[in-house]
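In the two complexes that follow, chain A is the common piece, with chain B as its partner first and chain C second.
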Partner chain A sequence: MTLVLRMIAQRLALGLLTLFVVSLLIFGATELLPGDFAEAVLGQAATPETVAAIRRELGLDQPLVLRYVDWLWGAVQFDFGSSLAQRNRAVSDLIATRLGNTLFLALYAAAMAVPLALTLGILAALWRNSLFDRVANSSALSAISFPEFFVAYILIYILAQGGWFPSMARLPAGADLGEKLYRAFLPALTLTLVVTAHMMRMTRAAIINLLASPYIEMARLKGMRPSRVIVHHALPNAIAPIVNVIAINLAYLITGVVVVEVVFVYPGLGQLMVDSVSRRDIPVVQAVALIFAAAYVLLNLTADVISTLSNPRLMHRK
Partner chain B sequence: MGMIFTLLWIAVALTVAMALALGFRKLATAATRGETSRALRDAPLTAAFGMMVIVIYLIVAILAPLIAPFPEREIVGTQFQPWTAEHWLGTDALGRDLFSRMVYGTRNTVGIAFATTALAFLIGSVLGLLAATVGGWLDQGMSRLVDVLMAIPSLIFALLLLTIFGTSIMTLILVIAVIDSTRVFRLARAVSEGVVVMDYIEAARLRGERLPYLITREILPNVTAPLVAEFGLRFCFVFLSISALSFLGLGIQPPTADWGSMVRENATLITFGDITPLLPAGAIALLTVAVNFVVDWQLYRASGLKE
Partner chain C sequence: MADSDLLLDIRDLRIDGKAGDDWLPIVKGVNLTLKKGEVLGLIGESGAGKSTIGLAAMGFARDGCRISGGTIDFDGVDLRKSSQDNLRRLRGKRIAYVAQSAAASFNPAHKLMEQYVEAPVRHGVMGRSEAERDAVELYRKMQLPNPEEIGFRFPHQVSGGQLQRAMTAMAMSCRPDLIIFDEPTTALDVTTQIEVLAAIRDIVEQFGTSAIYITHDLAVVAQMADRIKILLRGEEVEEADTRTMLADPQEDYTKSLWAVRSFKRSAQDAPKSEPVVSVRNVSASYGPVQVLDDVSFDIHARRTVAVVGESGSGKSTAARVITGLLPPTHGEVLFDGTPLPADYRKRTRDQLRHAQMIYQMADTALNPKLTIRKLIGRPAQMYLGLRGRKLNERIRELLHLIEMEPDEFIDRLPSELSGGQKQRIGIARALAAEPRFIICDEVTSALDQIVAEGILKLLDRLQGELNLAYMFITHDLATVKAIADDVVVMQKGRVVEQGPKEEMFRPPHHPYTDLLLSSVPEMDPDWLTNLLEERKSKDHPTSADA
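For the complex of A and B:
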């Protein structure tokens, strides 16, 4: 047990280290800005006096290390300073509700995608080279190749035009859960379709790999019923690869969410980020990038820990 | 009722695609000789279809000015005209001919994606080969840097960099190429690691060969095959991310005709039941599917798997 705890602590420390370097990168990237943060804010109105004033106001006259420590200390407490485009609004203010919305959308999509993808993937693996497998596989390959917005607009064309679902997923304040689920259905479905394709293919590959192992063959050869082979021998060992597949694909959701939110005008973090990029509102972009990167690192970390837990051999690598 | 029509449409489209692919395979087999011809004859229909699509896109991209009936950026009609004999796909929000912009879009979108992928491969494979051959602190330093860069989701990283450097085609190409080169670096390094430990490399080192000779003459020829297969897959990723960025209004900028931004500009039409904005999106999807089919076939051939 101590071995397990030590392994988890090690992975966590490694994850934190990664996050620290990522934060350095996200903060340091703005130093690459041609000219200066202050000039970027002012644009045409940049005169030496205004630039100096803004620099003082944003603390840009401080040395780099000090500013970084300040920013990181704030970020840990969920305080990212104030937005450049809307000068009197705190970034954390802009982010707070949107973070909840994005999490809602991602969980909604995951709740639909995971069971669907696992069922399809396992069935395709069991009936491999059947017509079902071929159709599922080639549709998944095509779905992976589709840009997210293509899937989104096809769904709008089919489902929103008839008035079944709204094509704009604005969430009114105080909407109850049913209303929210209804309004966010199309964006969630888009994400589900995109992620399911990836997840299904990976599940199928993992299960086929597993079914080819000698102990499964042994179980078959001694005349065990196929259903028992699957439930007693294959499934317990399939947990590791399947959990891995799920975590990797949830991490993939993070990128997918950006485009989908824009298509459906969904008030989430992705849309905020895209708007801020075109306004060059650097503090907001930094904050959102840090949140997305943290989620990404965390999911990959979870996948790593769970797959190590379920396969003791991985504990002793190297 | 609508459902049945949709299914019927899909069935018809699949049949036509299969027939075209069959014809293309016959043609390609007849036009080539020897080894290539035999390989093409045995290609599955999906791969034949993929190759046909790629060839068509290439022809359209090269001959764009001859095919397009109207200039790329000129306003030639009123806004949002429906499909007519003159404007095959109607006109956009400014009154530009959509069919012509689709044709020019082939050249711009595919061309930029191709240039970006090529650049990513140049950076990634040169650095990857160097890291594997030289080893030591250079290898460690570059590998750890790539690890960190890959810990940030690529679209998010691209958005961050585009905020800082602004949105122009040049920065777009550079940003995406640098981000994607990390993936190429990983592969190039991993593959050449296996080659570097070979005896003939040792022999070449003892002969006193210099680094450039070692890399270009001894290692590179042995790692080309997996890198070429990866090129196809990478192209798909780059193509999709550039399209996504253009769709978000942060990639290829107007008035350059580009599929991603065309979808964005005309998206409102969809809610009125006009499928025109789906066409550029479909063009993107079709090319990625085609490349994937061909890569699948090539990987299958290279792996020597016969079920």
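For the complex of A and C:
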């Protein structure tokens, strides 16, 4: 166990380092954006004097390094400054509800997609090359091949037109869980269709990859049922690759769902990010990007810990 | 009607293997019978179909194989006509299997006990706690250390010899009528092999279990089997009870198998010159673990030094130090009396050229994407700067040297060669650099005896023609007897004894050398019995499974 704890501590430290580097990149990248908030907000009315005045007011005229250090100092205390567009709102305020929404939708989709993908993957491995295998594979592939918005519109056409689920997923304040699940069902289903294929195919491949192992042959020669051979003998050895793919897909569910949010008018982080970029509301962009990076770091860490826990060679030394 | 004590009756068994889109016959009409309580030895080179037949006795065919003809009658049931469910009820319960590599055949994710109880519990033979008690009992019978506790370890925490015994115990878990042993000791050191052989023989005798014992090692089968059947390319050569077969083989092929161990190179003169390679007081370690401790030996031109020892004794590490792959922590390696830089990156091209290696697994040592021309041509090009027509001539010359027809082989890929041919290409590649010293790392242990014999003869001839010095790493003492001039015996990173071969094989020995020597199976069917009694009375030191 100490091994795992030490690994977690190490990886967290590394993760912090990664986040630091990411923060540099984000800061640099936002600097590279053409125009700044002052120009964006003034639009046609921009004169050199007004632009300079707004810049001075917001501190945008300070040197780059100074602004970065200032921002970083705030960020480590979870203070990302205040939004440029809505001057009296702290970035953390602005983000908090959106982050909650995004996590809710990601968890919702994952709760459907992960069990579905694992079950389908295991069954496809068990009945490989059967009709089931081919149907599961090809439907998963077609689901992943369509653009997300297309899948979303198809679902809206079928499920929302019929009046079963709302096509607008805006969550009213104070809605209870059942209400939330009902309203967010279509975006969650869209995401499920999008991420299942990848995880399912990896589960199938990771298991089939092991089926030529001598210990699988041994299990068969001990007269074990095919289902037991797959679930008890192959699956425990296939956990590492499967968990890693799940982690990548969960990260995608948190960071990459802006299209789905737009289609269903779901107030998540992705939309906030895109809006803020177009408004040059840099503090918000930076904070959201940092959250996305943190999601990747944490999910990968979790995947590595689970992989380690699943490997007796690492857990029980000689 | 078959007589009542007949357990297994295989008639005209035919098995095909898939090659591309075609099915090619692997087993071509073999008959096999086994009485209750009898042990049948199946012998043959690789590709003879012995494992395939062993699995067919369980009604099982590997992926890419199919049983295409014949009957497999197990205790009155035709396995070919049985449903998968019925077969499954037999497997593990009435017919069990012991695989070649226990390390690969135990599931790394589960503890030994978990895997042991699986068959008895799932087949409804006994409950879990009863099975666990029974496991401890069998572990004790198999003379495993800490029988109470060993079941609660994972496979990687247990040594190879112990795993092989644990696997035999697992096969016994349902007290089957028949066990298929598929080369159960091939992957083990000689010293460990003995203990496993003895344990297997005891337990099979004790429970009156019938067994099919598959191996390519004649001396091993002589200890284990009541009857021996010899196979060649999927067909039976002959069958007889063990003593008759050993004393009076009828077929030429059998006689040639028996003769394999007779190759012995002519004695060489004592060395006159300075040694080509001289290892001086070398110590080396992997991280904090010391693997070589003050090792010294010399290798002269036209002579072969065999370095022997169990796995983990430091044989291969010594080779890595000589080639500069592992710089030693202490000591040095001299070439022609001049110290070599410890790291190969600091050696000159000429220093590199003169020390070449031939590897155990020709399969993995040859780049599968390159033709023979490229494989052999590259070192000749790199070390000797040969180009164009000269290079071509040199490649052809090298192929002649290793007795392979250039026109036939020069543009083939490694995958189009047999195991023995691949190893010959490995030799040609080493020769292409025109070295004075070659390290042969277990070059024959992946080969069948007849093929191995050819390789040894070739190496011997080349040594005479090209004035080569060989360092021959092996754990097989029969090979040592055949080819060595000098022997270095290693144990736990130290040289325990060294000297000319004649002296080494003559008593008195160092106790470890004695243990190694006495552990090499002999063709005498009473050898194991006698040896065990002798050891019991002498209370020998044993180093295996320490």
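Keep in mind that, in the parts below, the second predicted complex is superposed on the first by the 271 of 318 C-alpha atoms of A that agree within 3 Å, B and C clash if a C-alpha of one lies under 4 Å from a C-alpha of the other, contacts with A are read in each partner's own complex, and residues count from 1 in each chain.
In this section, a contact is a pair of C-beta atoms (placed from the backbone, for glycine too) under 8 Å apart; a residue touches a chain by one contact, two chains touch by 3 or more.
Note that the coordinates shown come from a computational prediction; the quantities given were computed from them, not determined experimentally.
Contacts of A:N237 after superposition: chain C is touched, whereas chain B is not reached. Contacts of A:T255 after superposition: chain B is touched, whereas chain C is not reached.
When both complexes are overlaid on chain A, the residue A:T50 reaches neither chain B nor chain C.
Of the two partner chains, neither chain B nor chain C is touched by A:S139.
When chain B and chain C are set side by side, the one touching more residues of chain A is B.
Once the two complexes are laid over each other on the shared chain, residue contacts for A:Q86 go to neither chain B nor chain C.
Looking at the shared chain after the overlay, A:A219 reaches chain C, while chain B stays out of its contact range.
Within the superposed three-chain model, A:Q62 lies out of touch with both chain B and chain C [touch as defined at top]. When the two complexes are laid over each other on chain A, chain A has no residue in contact with both chain B and chain C. Contact residues of chain B toward chain A in the complex are 6, 46, 147-149, 151-157, 159-167, 236, 240, 243-244, 247-250, 260, 263, 267, 270-271, 273, 275, 277-278, 281-282, 284-285, 288-289, 291-293, 296, 307. Looking at the complex, you find that chain A touches chain B at residues 18-19, 21-22, 25-26, 29-30, 32-34, 129, 138, 141-142, 144-150, 153-154, 156-158, 160-161, 167, 251, 254-255, 258-259, 262-263, 273-274, 276-278, 280-282, 285-286, 288-289, 292-293, 296-297, 300.
Residues 212-215, 217-225, 228, 233, 236-237, 310, 312-313, 316, 318 of chain A are the ones touching chain C in the complex. On the side of chain C, the complex with chain A involves touching residues 55, 58, 60, 62-63, 87-93, 96-97, 99, 101, 104-110, 118-119, 122-123, 153-154, 156-157.
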